[in-house]
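Below are two complexes that have chain A in common, paired first with chain B and then with chain C.
The block that comes next holds the complex of A and B.
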């Protein structure tokens, strides 16, 4: 219950117009801070839904796969340049952003993550690594301005942000591949 | 087994949802950026050229009716731009060269519109015009001094212009084609010179043909 409260508080805080406006004024903060925080808000709120409707999650997300696919779809959707642009132009898209990233991505992520096997988890991280390399190169190499609401320099910053995140993910993957955690326990 | 069927069904539903979401979000996988969506929508909507007053490089003032019964091939720029505008105007001059002489000035006029009315006075435009071999007559360069009028045009034609701290502007670029009635009929990729040239020649040929 406490977690739900904190999650909701975070969501409301992010939705405050001055906060939302500030975060959205910088492209990289919009994508790499506001959006993940919305997912975190949903992640925290998920606890209440898990306790209230355990049967629902058990029945429809027994192996965690539907949930993680839903999470992937929502997150990938919000990296499309147009989606990000339209969130700034159309209030309905903005509402959908808050709703989808918290409820449709945060909640299924929490419910699915624990149910996935190690291979499943690593597969998700590999998918994100590839995606981040791809998006990073797209934003850096694109000869045109991808988002009408941001300057090219913002686009380059975001591209490098994607690449650095991808590099971190690679380091993590190498780490789990070549180290044996049981040795240190 | 039953549990698996449920999760399989849920996965299926989620994927369907994803397909619908991506289909709607990208206008049927055609527009991944707001810019393509904008261009597609403009071509569908065919907005009218709003009533604005131009002031051109020769200091003449007139409205769009100056170009009545002519096609107008338009770009938007500002002369202090060091990045995309020179390229845009260079490409525009190449399109100009691709057109047969008989059409130029009679059936079609080229018009470069500056959205930086403060700095781009007639003298500046007159100088800038020279760089691209624009004659100031069949290819004119003009500013719109009235901010409200300028905004109405930019809005109607979906041109986003964001000023940055250094006195530059981030803006989207394209070739715009307005027909004889002052309606926007096409928005073309400014990097595809040959394609734009061919399209124009086609339209102009057809137009002369229908008059005969």
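The block that comes next holds the complex of A and C.
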């Protein structure tokens, strides 16, 4: 219950107009800070839903794969430049952003992650690594504005943000591949 | 091989440090305290000049002295002390250093000394009065920077030596937690390595080619940003080193227990993850960064305050519990039961107290509007003399009163203990006077890094004079403190009576909850740290590089 409360508090905080305005005024902060925090809000709130509706999660997300696919679809959708533009232009899309990232991405992520095998988890990280390299190159190489609402420099910054995150993910993957925890633990 | 390992560890604990390991720490500490002696004398020259009492000759001017004072105390004293101290800790808690690790410590020592000589010669010749921060467009002789690069590589040798030592111990002690002081060492060496990466890029890729004239111009903002990613981390490395003694050593000296192992480890991990990002708050006045980005960076900077508050809480909890166990009474009356006459406790305790105003001053400086008032004034100098000169260095002094006898196989005599208490009092009074007048005169607008001048007898500048005189008074007391401290160290290293000194490591409290194993997953913490660094630096660096103004040629301003 505590976790649900903190998650809800975070969601409400992020939805406050001055906070949302500040975070959305910088492209990279919009995508790499506000959106992940919405997912984290949902992740925290998930505990209550898991306790209240165990049968629902058991029936629809027994092995974690449907949940993680839903998570992937939602998150991938929100890295499309046009989706960000629409969130800034149409209030209904903004509401959908808050709803989808917290409820449709955060909750399934929490429910699925522990159910996935190590290979499954690493596969998800590999997918994100490839995607982040791709998106990074797209945002850096594109000669024109991809979002009406942001300048080219914002776009470049976001591109480098994607690339640096991808590099961090590669470091993590190398770490889990080349260190053998059984030697230490 | 588990059994011989434990035997060796037991032997190590019972018989004290091996001669070879002791020699490493002894040499590092000797260099550290020699740097304190020379750097302290230079500091006195500076203070007297700043008060208008002493005209420095043209062949050794204020800016040369400032550069050398900074380099000796900010780089040499701290780096050599930190490495010497943690190598002794690794040796003591992990059953002796591996031969390869010992070799790496010596190679690192050699590289640092060679690098230091490279850096000092241009300073003495007046070709490197750039005031110890590597801030283009001011350019020193390229050899100065090559020297600094060698020092960084030397530090890396020691960092990797520590990693090898810890990894080896973990392989031989599966599933066990790394002993707490070695856990601190791991955190500190991770920060030393990752924190010095940006400055290595700055110096090797940008500044050296530029100061040789191979490239005509330099991107000033990128260089400054890379510098502070390192500069701020270095500050917190000293702090984390001091904190290690507060958590682990001080409780043992007062006869208490460590308060919470998990909390300690979380504080270390939090400081490691959130540190490098803090560098940005040194650039609040810099151009080319939008106000909203600066605003968000305030959160990142203040976040570092959180583990510090946890530390303050844990420390006073230990003090109160221990004092009450020893019969202390009353709401605050228990303080009478603390061992005030023991320099090993008194010095670090005053260091902790000093961190309260020092930390508050730091929060002032990382706040945008308040920084506008104090930026580049003497306030900043007062601030880092309070943090480094009191919180950190007094802890180092406190450590020296058991670490030096421990590695020299000698004992702390009551006479030296008394000398230490006197030294602590002199140092405290001197630093309060000096740092207090620096803070005040800074608020009145007196700039830092400026030789004494009355600006043509301008009334405002004349109004600073009484405070600058007080600064010199404080500085004079401090040099007495330096002389006493160096005397004590030399005495304990070479002349004190032979004997065994304990390496004081406090035990965990009885019935403490078990620390979860995830605290040991350093690979994960490093990746999270790198993501934080990315979050902090991608925005300003992209802006500085893409929208760069024309670069700057090198300037020799002196």
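A few notes on this one:
Here is the rule we use: the second predicted complex is superposed on the first by the 185 of 185 C-alpha atoms of A that agree within 3 Å, B and C clash if a C-alpha of one lies under 4 Å from a C-alpha of the other, contacts with A are read in each partner's own complex, and residues count from 1 in each chain.
Here is the rule we use: a residue touches a chain if its C-beta (ideal position, glycine included) is under 8 Å from a C-beta of that chain, and two chains touch if they have at least 3 such contacts.
Note that the coordinates shown come from a computational prediction; the quantities given were computed from them, not determined experimentally.
On the superposed chain A, the positions of chain B and chain C stay apart, so the two partners fit side by side. Applying the stated contact rule after C-alpha superposition, one finds that A:3 touches neither chain B nor chain C. Touch criterion met: A:81 reaches chain B, while chain C stays clear of it.
Once the two structures are overlaid on chain A, chain A sits at the apex of an angle of 110° toward chain B and chain C, using CA centres and rounding to a multiple of 10. Applying the stated contact rule after C-alpha superposition, one finds that A:65 touches chain B and leaves chain C untouched. In the superposition on chain A, A:122 contacts neither chain B nor chain C.
Of the two partner chains, chain B is the only one touched by A:147; chain C is not. In the superposed pair of complexes, A:179 makes contact with chain C only, with no contact to chain B. With chain A fitted onto itself, chain B and chain C come no nearer than 10 Å, counting C-alpha atoms only. The touching residues of chain A, when paired with chain B in their complex, are 59-63, 65-66, 69-70, 73, 77, 80-83, 85-86, 89, 144-152.
For chain B in complex with chain A, the touching residues are 3-4, 6-7, 9-11, 13-15, 17-18, 21-22, 25-26, 31-38, 160, 162, 164, 170, 172. Chain C contributes residues 167, 170-171, 174-175, 290, 292-293, 295-296, 517, 520, 523-524, 526-527, 530-531, 534-535, 538-539, 541-543, 546-547 to its touches with chain A in the complex.
On the chain A side of its complex with chain C, the touching residues are 22, 25-26, 28-29, 32-33, 153, 156-157, 160-161, 164-165, 167-169, 171-172, 175-176, 179, 183-185.
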